[in-house]
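Going by the order they are written in, the chains are A, B, C and D; count residues from 1 in each one.
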Amino acid sequence: MAHDTHIQVRSQAEFEYAKKKRADEMKGHLATFAIMIFLTLIAFTMVAAGFSTYLIVPIILLLAGIQVILQLYYFMHMSGKGHGMVAFFMFCGMFVAFITVLALVTIVWW
Amino acid sequence: MMKGIKKWRLFALMTTLLVFLAGCGREEISTLIPAGEVAQDQFNLLILSSIVMLFVIIVVSIIFVLAIVKFRRSKMGEDMIPEQVEGSARLEFLWTAVPIVLLLVLAVPTVYSTFDLADVSTMDVQAEDGTSTHLTVNVTAALYWWEFEYPEQGIVTAQELVVPTDERVYFNLISADIKHSFWIPSVGGKLDVNPENVNTFYLSFDQQSSELEDGVFYGKCAELCGPSHALMDFKVKSVDREEFDQWVTAMQEEEPAAAEGDLAQQGEELFGADGLACISCHATSGAGGTGGVGPNLATFGDRNRVAGYLEHNEENLKNWIQDPQEYKPGNLMPDAASLNDGEELSDQELDALAAYLMGLSVEE
Amino acid sequence: MSSIAQKKGFGATIWDFMTTVDHKKIAILYLISGGFFFLVGGVEAMLIRIQLAKAGNDFLSAGLYNEIITMHGTTMIFLASMPILLAFMNAIMPLQIGARDVAFPFLNSLGFWLFFFGGIFLNLSWFMGGAPDAGWTNYASLALASEGHGIDFYTLGLTISGFGTLIAGINFLVTIINMRAPGMTYMRMPLFTWTTFVASALILLAFPPLTVGLFFMIFDRLFGANFFAVDMGGNTIIWEHLFWIFGHPEVYILILPAFGIFSEIFAIFSRKRLFGYTALVFATILIGFYGFMVWAHHMFTVGLGPTANAVFALATMIIAVPTGIKIFNWLLTIWGGNISFTVPMIYAVAFIPSFVAGGVTGVMQAIAPLDYQLHDSYFIVAHFHYVIVGGVVLAILAGTHLYWPKMFGTMLSEKLGKWTFWFFFIGFHLTFFIQHFLGLMGMPRRVYTFGADQGWDLFNAISSAGAVLMAIGVIIMLVNVVMTTIKNERVGNDPWGDGRTLEWAIPSPPPFYNFAQTPLVRGLDTYWIEKMEGNKKGMIFAEPLGDIHMPNGSIIPFVMSLGMFIASFGALYFLDGDKPWALAVLVIGMLILFGSMLLRSLKDDLGFHITKAELLEDAKGGKTDGH
Amino acid sequence: MDINQKYTPQSWPDHPETATLEGKNKFIGFWLLLAAETVTFASLFATYLALKDKGPSGMEYSAAGLFELPLVFAMTMILLTSSLTSVYAMYHMKNHNFKAMQAWLGITVILGATFLGLEIYEFNHYVHLGFGFTNSAFSSAFYVLVGTHGAHVLFGLSWFIALMIRNSKRGLNMYNAPKFYLASLYWHFIDVVWVFIFTVVYLMGVIG
């Protein structure tokens, strides 16, 4: 285990490139954030504006879903390299989460 | 030693057969001797699934026994290295497909029956005069006893359910305290009695209980509900429609039958508000309710059991009144002494109460 | 015990085990405490059977009987079966994949101590005012009504030990994902490793609902919340759902590792590669997956409505298919093999008919309308003891014999082992076969007594007689363990002669650093491949001999668990009114817990190195001390 | 791995969080924990939905009558922003810029603490209105769901603070980089949960 951290010093060019890439990525994150704020605003506005419940509920749930995907895939890098198992288990978790919620809203009464 | 296993399997098969041949248990309580449409359906499912399962077991056993007999080391030789087979797609397919087919055989009647047994749509069907065409009984389960209310007829009884034969009887189940489960094994499967909702189902009774050795079907509480869960039994009398109607009429008579004889009259006094005030928990008229604190005793003299499970005689009754905790740990009836300012009841007083209670009857 | 431990005094040995982070020693801890709880649960089972031996027996009172069945079920499932299986996973799985240790040695120790203190906490209820008495399922309305603190011992104790199990599950998953030796692809992993993997995944996703349910119960009973208080708008069915969303996967958490152990045994003692390895792997995954979609089959009679019942009935039945695939692949593994009937193999062989009998009654219960009759009757008791005793317990007994030499370096007596087997096996069928019929004859479960007028006397008496045979079997097993330990005849790497996987390639017991050099895996059953090719060194290695990095031992896991244990007493008595010290105890416990956590995060724990020179010394027969 | 190994931005690997086996283990293990947390919160949400507006007869408060959106909106914005600031912190972590990372983490902590403060204020407000933990099934479910989230926020804050203090003198290395990374993952997860809380509890609560 001692041997898996040999240090690799990158050339200047390589380094500049990596740095640039990270800066680009950060810009993407900023955009993601803007979208999230926007989605949140829509959700709150719809409720404040008092549209029909049947319209609002599915839409705000959808918006929440999109936000979660943004968080997971952009902020948390779930599509990144080495995230295969991670994604698999998160999806299993969401699957169990989904059926749990489904069950408790359908087959438990009042 | 493998012969041992073979012998065991034979032995198991024999016991199975024997047990089935012996009729399996007592008529009053065995699911194997169905006494109603619902139980019959369920029994048929039992037989069907048992055949399928037996088939599975036999197939597995044959392969199994052949394998362990044919390929033992004593036959194959100490040093023999078998061929390292990887697998066979064809076989995998076979033993995926065959079980699926077997399961389909089970699935169809399962789904059909599930919906059929849950169908209570005819419950509220009304005849032209506005009365229901079917009998409905509201069952309330309370810590270790059962109350049966007949809303259409305006009567209440406890511990012993009286129902007409050869028709569907609908049940509304609710618990007064914690969860119980309502089960009459020989008449049909159970349904839970939850504290937060009314559960509804139907049963039908195709046999008159008087034909049974004990004269009643046995009912059980099937959900752990505390120390006396094991003793939370009830009894079912199934009678033909005519007799049932008579019983209802008798129950509807407002006044409880007057106590006969001195002893019983003394008992009635003790029972009443000026005596031990048993009446504050126990109603003695079929039409009257007590808010469900204690079982309605209007039909006590007709009962088959005391407190649901003790043999119905004065001895047990007196013991019960003296010290209910002794017989049903954790039940909610106070012992006699605590109702009598801390003093034990005298034998004479007990005799009186017993005489009175045994005289409460609506059957001729 | 390991040779290192023996040289030390008794106190030092104890200290060693309290601070160890070595997966092999933690395995021994799990085995001993799980074994102890198995005896406790077994004694409780015997009490149950004595009480039910005849009609109207008054050996146990009604209330005590309920406490005993509750503790029997809870102990057997949470404190006996699971920990013993975790013991085998700890002892064997890292060896099977050629890892140096598990991914988080520190957490491994924490997981054990949490389980241990949780179990002790639960059992202390016997001495502190009464055990829980609402059944192992602890249904909410009864649990809320139960007097005294029994239920609180249940909820708090299971919460603690549940955290331990969750930690163990995560640990195994990461170990398998990240620490496989070079060449050990997923499709070359031994089946026991695969089943450990899937069972751990089930632990990961099934324990949270239980924990949440337990917390609700704690809040309701101890802090005045209303989740299940019907008159306050609560709903008791929520508990049932949460419990069974956990509960059904739980039974597969038990049976999958058992399947894994049997898979190893069938291959080893038939001297044959597992037939349909790929199918076995996928069946394992499928069972795990389906396991989450069937829980409501425990609730058919609750009144969920026909649609829910039908859906869950069908979903449940499907599980028979992957399980069947497993059964038939095992049969084809021994078919054409060269079967040697050692003790582990006898258990494995006996498992097949026993488990199939239990499995098919499960499918019968899945037929919802039929289950209206079967539910909460002795038929259920028969079903689950057939799958649990006929599956899990037989696997535990088989695994104990199979892996004893790997864990302790000495073989259990084959002769006594066979005696144990016959007593246990015959007793098992005698006890539980007849219970199917008791159920069909109308006998509900969880009854402390039954009347002589119901026709159940004879069968109950037979059932109790069977239990006595089982007890004799277990006692012979104990004798076997003691005698073997006293004799202590040492064995080599591969005592069964036909080992196929990596764990048989290193000494029994393995040195504390496991493989001096990480092995290179060239296929399924890698050790067998090397043996067949006549490799004298046993294995091919993936790296040259070099320094090995090892984690330090630590007492912190023990102290953290102790902190939770103490805090739980505080919580338990918190609302009692007459116990002002409860809050103090709660706070002190929490301080110990968080203090030791803080200590852990502030103090860097970088481990130590074993040098190449020491390894060479060790290989020559010298001793390297762990520290 | 050597804790004293010094790095420069140029020798700092692309993915310091998974550059060592220990890091990789922590990384996978932590994600698995998040999967378990997903199920935990799902159970809490499911229970909340089942018990929403359920209480003893004559219960005073229902979701529609209780919740007010302005405060929740503010809390949401604050927490979302703190998610972004923690992304900035990780950006600088990858650039091996320790000071900037600490600064952004500091901002994240301040935002998180504000959020927590508002939540405590909110709870306190409800309790004063007479909507206490023990009042109804609804109130218990509400406080346990939102409170569990709050407890996670508290834990996240303590984690950040402990990491910042502990490592303030030694800068970034292979030993602590994974820890910073995981703490930030945890923070995002908290945000994910909050997205559902404001949607399911507050927004859907207000519309009844």
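Here is the rule we go by: contacts are C-beta pairs under 8 Å (C-beta built on N, C-alpha and C of every residue); 3 or more make two chains touch, one makes a residue touch a chain.
Quick caveat, the model's predicted, so the values are computed rather than measured.
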item: Chain occupying the middle, per Cα centroid; value: C
item: B-C or A-D - the one linked by more C-beta pairs in contact; value: B-C
item: Euclidean distance of C-alpha centroids - chain B vs chain D, Å; value: 52
item: Centre-of-Cα separation between chain D and chain A, whole angstrom; value: 14
item: Gap in Å, rounded to a whole number, between the CA centres of chain C and chain B; value: 36
item: Residues within chain C bordering two or more other chains; value: 173, 177, 204-205, 209, 235, 237-238, 245, 305
item: Chain B residues counted as touching two or more neighbouring chains; value: 196-197
item: Sequence positions of chain D contacting 2 or more other chains; value: 1, 21, 24, 28, 32, 35-36, 39, 43, 47, 50, 54
item: Of all residues in chain C, those that touch chain D in their complex; value: 103-104, 166, 170-171, 173-174, 177-179, 204-205, 207-209, 211-213, 215-216, 219-220, 223-227, 229, 231-235, 238, 242, 245, 598, 601-602, 604, 606
item: Residues on chain C engaged by chain A in the complex (per definition of touch); value: 100, 173, 177, 201, 204-205, 209, 235, 237-238, 241, 245, 292-293, 296, 304-305, 308, 546-549, 609
item: List of chain A residues in touch with chain C within their complex; value: 1-3, 85, 89, 92-93, 95-96, 99-100, 103-104, 106-110
item: Touching residues (chain side chain D, partner chain A) in the complex; value: 1-2, 5, 7-11, 13-15, 18-21, 24, 28, 31-32, 34-36, 38-39, 41-43, 45-47, 49-50, 54, 69, 73, 76-77, 80-81, 83-84, 87-88, 91, 94-95, 174, 185, 188-189, 191-192, 195-196, 198-200, 203-204, 206-208
item: Chain D-touching residues of chain A, taken from the complex the two chains share; value: 1-2, 4-5, 7-10, 12, 15, 18-19, 22, 25-26, 29-30, 33, 36-37, 40, 43-44, 47-48, 50, 53, 56-57, 60-61, 63-64, 67-68, 71-72, 75-76, 82-83, 85-86, 89-90, 92-94, 96-98, 100-101, 103-105, 108, 110
